[in-house]
Amino acid sequence: MTSNLHLWLIPLLPLIGAAINGFFGRRSSKSAVTAVALVFSGAAFAMALWIVFQFSSLTLPHTETLATWIQSGAFQVDFAFYLDRLSLIMLMVVTGVGFLIHIYSVGYMWEDASFYRFFAYLNLFMFFMLTLILASNYLLMFIGWEGVGLASYLLIGFWFTKDSAASAGKKAFIVNRIGDFGFLIALFLFIKHFGTLNFEQLFQSVAPMSPETAGCGLLTSIGLLLMLGACGKSAQIPLYVWLPDAMEGPTPVSALIHAATMVTAGVYMVSRSHTIFERAPMALTVVAIIGTLTALFAATIGVTQTDIKKVLAYSTVSQLGYMFMALGVGAFSAGIFHLMTHAFFKGLLFLAAGSVIHSVSGEQDMRQMGGLRTKIPWTFWTMTAGTIAIAGIPPFAGFFSKDEILWRAYQAHWIYWAVGLFTAFLTSFYMFRLWFMTFFGEYRGKAEDAHGHDAHDSHGGHGHSGIHESPKVMLIPLVLLAILSISGGWVGVPAALGGHNEIEKFLEPVFHSEATVSGQPTEAPEPQTGHSTELLFTGISVVTALCGFGLAWFLYYKNPEMPARIAVSLNGLYTTVVHKYYIDEIYAAIFVTPLLRGSTEILWHGVDQNIIDAALDGSADGALEVSDTARHMQSGNIRSYAGWIAAGAAVVVGYMIWIGTR
Amino acid sequence: MNPAQMPHAADYIRILPELVLSVFGIIIMLLDPVVDKRSSQRTLGFVALIGSLAAIAATYYQSCSTGLGFWNMVQVDSFSTFFHYLIIAITTVVILMSFDYMKVQEIRAGEYYALILFGAVGMVLMSSAVELVLIFIALEISSISTYILAGFRRRAAISSESSVKYFLLGSFATSFFLYGVALMFGATGSTRIPDIGHALATAPIPLLAFVGVALMFGGLGFKVAAAPFHVWTPDVYEGAPSPVVAFMSTAPKAAVFAVLLRIFFEANAPGRLWLIWIAAALSMTLGNIGALVQTNVKRMLAYSSIAHAGYILVAYAVAPQDGIPAVMFYTASYAAMNVGAFAVASHFGGAGERYVTLEDYAGLGRTSPVLAATLTIFLLSLIGIPMTGGFFAKFYVFKAAMGANLVGLTIIGLLNSAVGAYYYLRIIVFMYMKESEKEAPVSPIPWGLGAALTISLAATLYLGLLPGRVLEYASRSIAGLLH
Amino acid sequence: MSEPSMNNSILTLVTFIPLAGALLLMCMPRRDREIRWFALAISLVTFIASLHLPVHFIASQLGYQFEVNAQWVASPNIHYHLGADGISMWLVVLTTFLTPLCVLISWKSIDERVKEFFIILLVLETALIGVFVSLDLFLFYFFWEATLIPMALLIGMYGHGRKIYAAVKFFLYTMIASMFMLAAILWLYAKTGSFDLPIIQAAIRAGNVENFTAAAPWLFLGFFIAFAVKVPIFPFHTWLPDAHVEAPTAGSVLLAGVLLKMGTYGLLRFNLGLFPEQSRSNAWWIMILALIGIIYGALVAMVQPNMKKVIAYSSVSHLGFVVLGIFSFTQAGLDGATFVMLAHGVATGGLFMLAGILYERKHTYEISEFGGLATPMPKYATFFLFIVLASVGLPLLNGFIGEFLVLSGAFQSRPIYGILGATGVIWSAGYLLWMYQRVFYGKVTHASNTALPDLDVRERIALIPAAALALVMGVAPLLWLNAIGPAVQAALAPFGQMASKLVGR
Amino acid sequence: MVPLSYYLILSGILFSCGVAGFLIKRNIITIFMSIELMLNGVNLSFVAFAAQWHALSGQIFVFFVMVVAAAEAAVGLAIIIAVYRTRETLNVDQVNLLKL
Amino acid sequence: MISVHLVLFLIFGAVCVAGAINLLAQSHPINSALSLVVVMGALAVEYLLLGAEFVAAVQVIVYAGAIMVLFVFVIMLLNAGAEERTKGGSYVAMVVGIPGLVLGSGLLAWVLVARSGTDAVPAGALSGSPKELAPLLFHEFLLPFEVTSILVLIAIMGAVVLASHPNADQKKENA
């Protein structure tokens, strides 16, 4: 049965919250603001739960059309919402994690002057994110797509008096726009060739098409363009540069937007469009390659970062790379699985990091931390859970999803698997590095240096009272998320480990079509690679993770002075990596600077002023010059005038005689 | 002498306006010595005003009984009555604006008003005369009176200079015209325009006729300031008293344009097209180009009048049924706006016409908004902005030209009117957008000037919003010329 | 008043109420307060009256509605022929919508020669409305020229800086250009004996206009040049920044909001309507110019040191979208083009109002003079951001709909055009957000700016409608598109096979 | 018997001399005289053409022209006197306050 | 054979031309005036040759008599001396005017000689006695004749206005 689920309410509720806080928050008390924000985001979460509870009675996919949005000729776009198992998972993740982070933020932002603004933005983000998820056509999805970009712009630049924050926000928006450019073109291709943007219609018309094995056909180009969009949103090479800067935003924002939800929109979008990608192997390959490279590349950078949030940021980029690698090898469900677990543990890690920062009054440099284990135990333990999860050590969530991905990657091509594995090693290394540097050894910072490097982050009120555990309101979400990141992976225990991969089965109906497409790895594991092989690989990845832990322990716990020496010994490489391979500088040198200089010198001063305007003014002056000379006909001398008249008469006479004699 | 040879009452009706005007002119001459000097200006002014009004009435009376008169010397039809109305209206407005001017400039009123009226006689006669010699005499009447009027600011050297320039060059050109008449007479054996028309209608046209037309065009072209016979205009207009300029830049021109219409269309003079084409293009261009850098408003308007003569000439190059109404409408609207503009200039100039440069006009929009606004409207009309007579005038002319496939000439004309916009705009710019460092004093508007401005303003706007009636009247009067 | 008669007279009313108001204003004594209120009242009345149009507009019915057709001058055969279709109707409403806001925004900033100012403003409004509703070529030209003087006066009398240069440049530039159009109009009259647009169209379609084929390219150019300067299309655009920078706020609002639309409207109505073949054969280079306009305008806008110049060049860029859409000859393209006209009117109008508000406080537009303004004036910053986002083309705000449709239309006609045009999406985000950052973010750079007062009630009243409309247009564009669609279909009728190649199957 | 064209030529010569005089003479009065010379030339051709067409009217024209000439002379000389008063010279080349 | 008529024409024609040229040649206005008188006298004879007695008479009386006297009178009044050869801004007259004049008169001459379409006339071809002219003048040309009176009126008035001393006005005002 298709009971009306009022899906439109889910995005709308946060929007209402945003509106209320936006318009009246300034004048109302913080508690009121909190109430509004939590109630509305919570309501969205509640609705999501309600839907889940009547899941059995649902017939998915389920579409609800609200109204027509745009109509031009035969082309029409509706406000219509689309719910299937894929969007359901996303819905749960977003509303759930989102709600938790809302709660956390209450504590984290309490001291901030524009508390209400923060929650207005946060709710706004929820609205757009949920629209993105529940959209039933690409244009509606694009609303969410752009909207979350806006929200992240606002939230990254939340402390706009800090120039770095403002520029980071702008950078994020513009880089995203570059991605959106690709997205738009893809939409135009849809319109041109299929005349609609509605998922169901589109995929129906795509389904019968056969895969474009050779060359770059329509679907391939669409796929690549969509991937460009995804690169922007999900911070993949070459458009990942904005994400690390985005850490300028408040930590909850980093957790919600730049770890758990928004950055995964690209993954969601690609798997949403799997029907197209499956028929565009070349595009898929590109996705896989980009994913793999990003994963490795970001991980290497992460190894050298000392800012706790930067480390997490690069790890996010790297994990997203994993997901794309999964999508690229056609393991959409695995990608989504990792998306979910990643949402849990990365959200957790960020919040915990926030809690750490909070406790050391805004310090973010790990070199200024250490030995916090005892001082902030709750944070320590929750963070530990997250670290283990991301490192991929069983039975924590990250293990299952990552293992799934590696396994499927191997089936596609062993190189993916190799790189993935190495990345996994790096991941666990830099995560434990962070863990050791933060919580073990002696405290290296100055506790009394209360007011951290930015006035807002350091809740200056009671910051100076040394290191202290965060308030309950912040710890509860931590704990919940910790639980999730421990248990979250159990829904996807592969058959090899005696589980039966519920998530896989759950998503079956969404991605079932891939089974029909030839030349793609299918769900059922091939005969020649039985469970034993899979188990072997599992073992390898676990060992890798442990190696990472071991190295971190050796370098950052056993003899902490060693990293410095290593760094000195391979100076050139190290500095390059520390400076993130100078990518930002290169981009600036290649694109930004020439663009500005060129526009100023060539276009504006050159063309506009020195050519066009110069020509205009020149002609005007010319006219005046002519006039000035012409007036000398008026010598003021009667006889000259008579001369003109006589000559004129003579000419006229001559002309008339000529006419007459003709 | 048998009564058959005596002129009938009808004949006198044919020249009724001329009679009325001359009578009043003579009355003024007679009154001048007897009235008290201090009040002479206003008294005589009133007499002149009454005279011109009476002449309008006379024209109306005359228009009811059209036809030939005085043994085919004059022809009264809707064509000539149109110009009668126009010329006498101009005279009225000029008289109105002169009331105050006379007082300010301390000019003897007697001869002034008489001369204006007598000049009007000549012009009116010109527009209804169909006999070249009569036209010549009428032309001389109007010219000589304007020669004198131009020199009326006796204490100003430039005034007498403009007078002598106008006089010498004028008679020089007139003698060209006269020679043309002579050759025309030699070619056709007649000086009556209709007869010439018949004679020339039958080919082959004697070569003398061509030369005659050329010389006549030279003479008349001088009077309407058409290139290349335009050189005198700026000097004379700059030196002459403003009301006189208002008068002589509109009324005689209207009359002479009427004569040109008769010559070209009624006497169907040969070789019209390219002669006009070149003269028109030259006038427009030289006029506008010359005006661009002028700083003296009167001189600028003089150049602009050259340009406008060019626009009007364009209409001579086309088929009569399109051209004649266009010319008539243009002369009318040009009269309205130009008289208005010079009325403002004459008032603003102050004693001795001291304030005539653009700088003096700076800030007028503040010091005297009404005066500035009125002048603005006249200038807009001169540019040819909609809702003003000037717009429709230009429009009809160029419509006619386009109708005759004179695309080139049309484009030249349009571009010219666009370029011309610059210098009119400059005055507006100075009035509204510049702050004057030395405020030119503006005396309150006297009722005479006020009336004059109101009339010309009303005319400009009327022609700009409801041009239909005037245009119909004009096109009805084609019949009088085309036999 | 009974319905049909109301429908016949409504356009006349809407067009001439402002003029009547101006005339009354002339007679009023120079008491600025009363004058302001009176002007506001008049403009509001006009707006309300103009709302009659969308209310009684019958979307389903093709062709012009609310028509009036009376003879004005017998010979030449000039008719007082007014009528509106979906396109012109909305442009009229846009005009009447913006004018009250202009009045409000000029409330304080115009403190001398107030009477003249509002007289000019109202006269300008009449002329603008007239341009959009006149179906008689002569009448159209009449109003077209009539807009010049009030605008030039606004710039020259109430502007600042090189105001005179700007005013004269604006005037002469457009005047000279429109002369070519007049020539073309005259030619058409000479050959068809009528100025009536539908009649001439019919005559051309029927092919009984002698040697039309020979002249058509030139006629097309004649119209095109006039409109291209007004739009402004790429090489003719340099008057715009000057005019904008020097103009008073109200002037800029109307200039960007409505005047530029005259050009695009003309292209749509006359170049497409009268010369379909020429339009199609010339489309390729016109679209290229449009693309240059989009990208060029954006790049130059990016590096402008002056707030108003940024917005001015952004207009060049946005109007490029309109032209691109018009010459794509697709339903989507023309729908989008029309929608962009309206959206740009609202958004850029709003931006100029905001810039003006800042100018009232600081008497400069130099971006370097500002910085960190979000701290002292948060409300202002919020409004500004909102409008900026609308003009950046964020979905659910009005900028997006039009641009999207235009680009998809362009993409259908020639993919590469769509792709190049779509880069505008990136640029616009670039220059506007950068300007926004430089003005509002960071610490307050000039001590004097710390005390800047935030928006007062009047200013908010002026801004809220614009902002609200930007949102409504983005969420419910159908309210507009429903009326625009049929009009566009009619405009595309001559492009038969192209029109059939609409989006969708 | 004299070919009429002789008379016309003579008149033409006189007219041209008049024009030439206007162009080359500097004394205002002399210039004015050359105008009279032109008129005389015209008169001659009027009479000649009258003879050509056996039309008496030609002579009437001459009569009128003379009257006009007389009137012009009266006014013209008065103007010249006026100029002389203000400028103290009769040299046209120095009567050029108004120019450009 | 050469007729007396032709001989007389040529003689007085030559006198005319000589006078005209002398008018140009003389630098002193008085001489120019006198040579102009000569031209007019000679012209009167030419009129007689054509048989226009009345015109000839008026020519002598009005022109040579009245008008030239006026000229001479003014010359004396202003005791105009020999004109000095100033180099004014009149080069246009020489550069443009004279060539134009030459061109024009050349063309004119060609037209008059070759294409005037006139034939030879006997002496006294015209019957120009006052008796025959009078009806014409007072009947068909009555209007022009009357109108000339206005012309003369203007002339007188103009002469009075212009010749009277400028400050006369002010005196009147102050009176």
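Which chain is which? They are A, B, C, D and E, in the order written, and residues in each are numbered from 1.
Keep this in mind: a contact is a pair of C-beta atoms (placed from the backbone, for glycine too) under 8 Å apart; a residue touches a chain by one contact, two chains touch by 3 or more.
This one's a predicted model, so the numbers in the text were calculated from it and none came from an experiment.
Participant: From chain E, which chain is the farthest off, judged by mean CA positions?
Facilitator: A
Participant: If you tally contacting C-beta pairs for every chain pair, which pair wins?
Facilitator: That would be the chain pair D-E.
Participant: If you average the CA atoms of chain D and of chain E, how far apart do the two points sit, in angstrom?
Facilitator: Distance between chain centres: 5 Å.
Participant: Taking each chain's centre as the mean of its CA atoms, how far is chain A from chain E in angstrom?
Facilitator: Taking the average C-alpha coordinate of chain A and of chain E, the gap between them is 102 Å.
Participant: Find the geometric centre of each of chain C and chain D from their Cα atoms only, then give the gap between the two centres in Å, rounded to an integer.
Facilitator: So the centre of chain C lies 65 Å away from the centre of chain D.
Participant: Go ahead and note the Å separation of the Cα centroids belonging to chain C and chain E.
Facilitator: Chain centres of chain C and chain E, defined by C-alpha means, are spaced 70 Å apart.
Participant: Using the touch rule from the top of the page, what residues of chain B touch 2 or more other chains?
Facilitator: Only 133, 137, 140, 144, 147-148, 151, 154, 163-165, 168, 172, 186, 207, 211, 234-235, 419 qualify.
Participant: Two or more other chains in contact with one residue: find those residues in chain A.
Facilitator: Chain A, residues with two or more chain partners: 631, 633-640, 642-644, 646-649, 651, 653, 657.
Participant: Considering chain E alone, which of its residues make contact with at least two other chains?
Facilitator: Expected reply: 88-90, 93-94, 97-98, 101, 104, 107-108, 111, 116, 118, 140-141, 144, 148, 151, 154-155, 158, 161-162, 166.
Participant: Judged by the touch rule stated earlier, which pairs of chains are there in contact?
Facilitator: A-B, A-C, A-D, A-E, B-C, B-D, B-E, D-E
Participant: Within the complex, which stretch of chain B touches chain D?
Facilitator: Within the complex, chain B touches chain D at residues 133, 136-137, 140, 144, 147-148, 151, 154, 156-158, 160-165, 167-168, 171-172, 175, 178-179, 181-183, 185-186, 189, 191, 234-236, 238-239.
Participant: Quick one: in the complex, what on chain B touches chain A?
Facilitator: The contact residues of chain B facing chain A are 164-165, 168-169, 172-173, 176, 205, 207, 209-211, 213-215, 217-218, 221-222, 227-229, 231-232, 234-235, 270-271, 274-275, 286, 289-294, 419.
Participant: How about chain D: which of its residues touch chain A in the complex?
Facilitator: It comes out as residues 19, 22-24, 26, 31, 92-93, 95-100.
Participant: What residues of chain A sit close enough to touch chain B in their complex?
Facilitator: These residues of chain A touch chain B: 623-624, 626-628, 630-631, 633-634, 636, 638, 640-642, 644-645, 647-649, 651-653, 655-657, 659-661.
Participant: Spell out the part of chain E that touches chain A in their complex, as residue ranges.
Facilitator: Contacts found on chain E: 88-101, 103-104, 107-108, 111.
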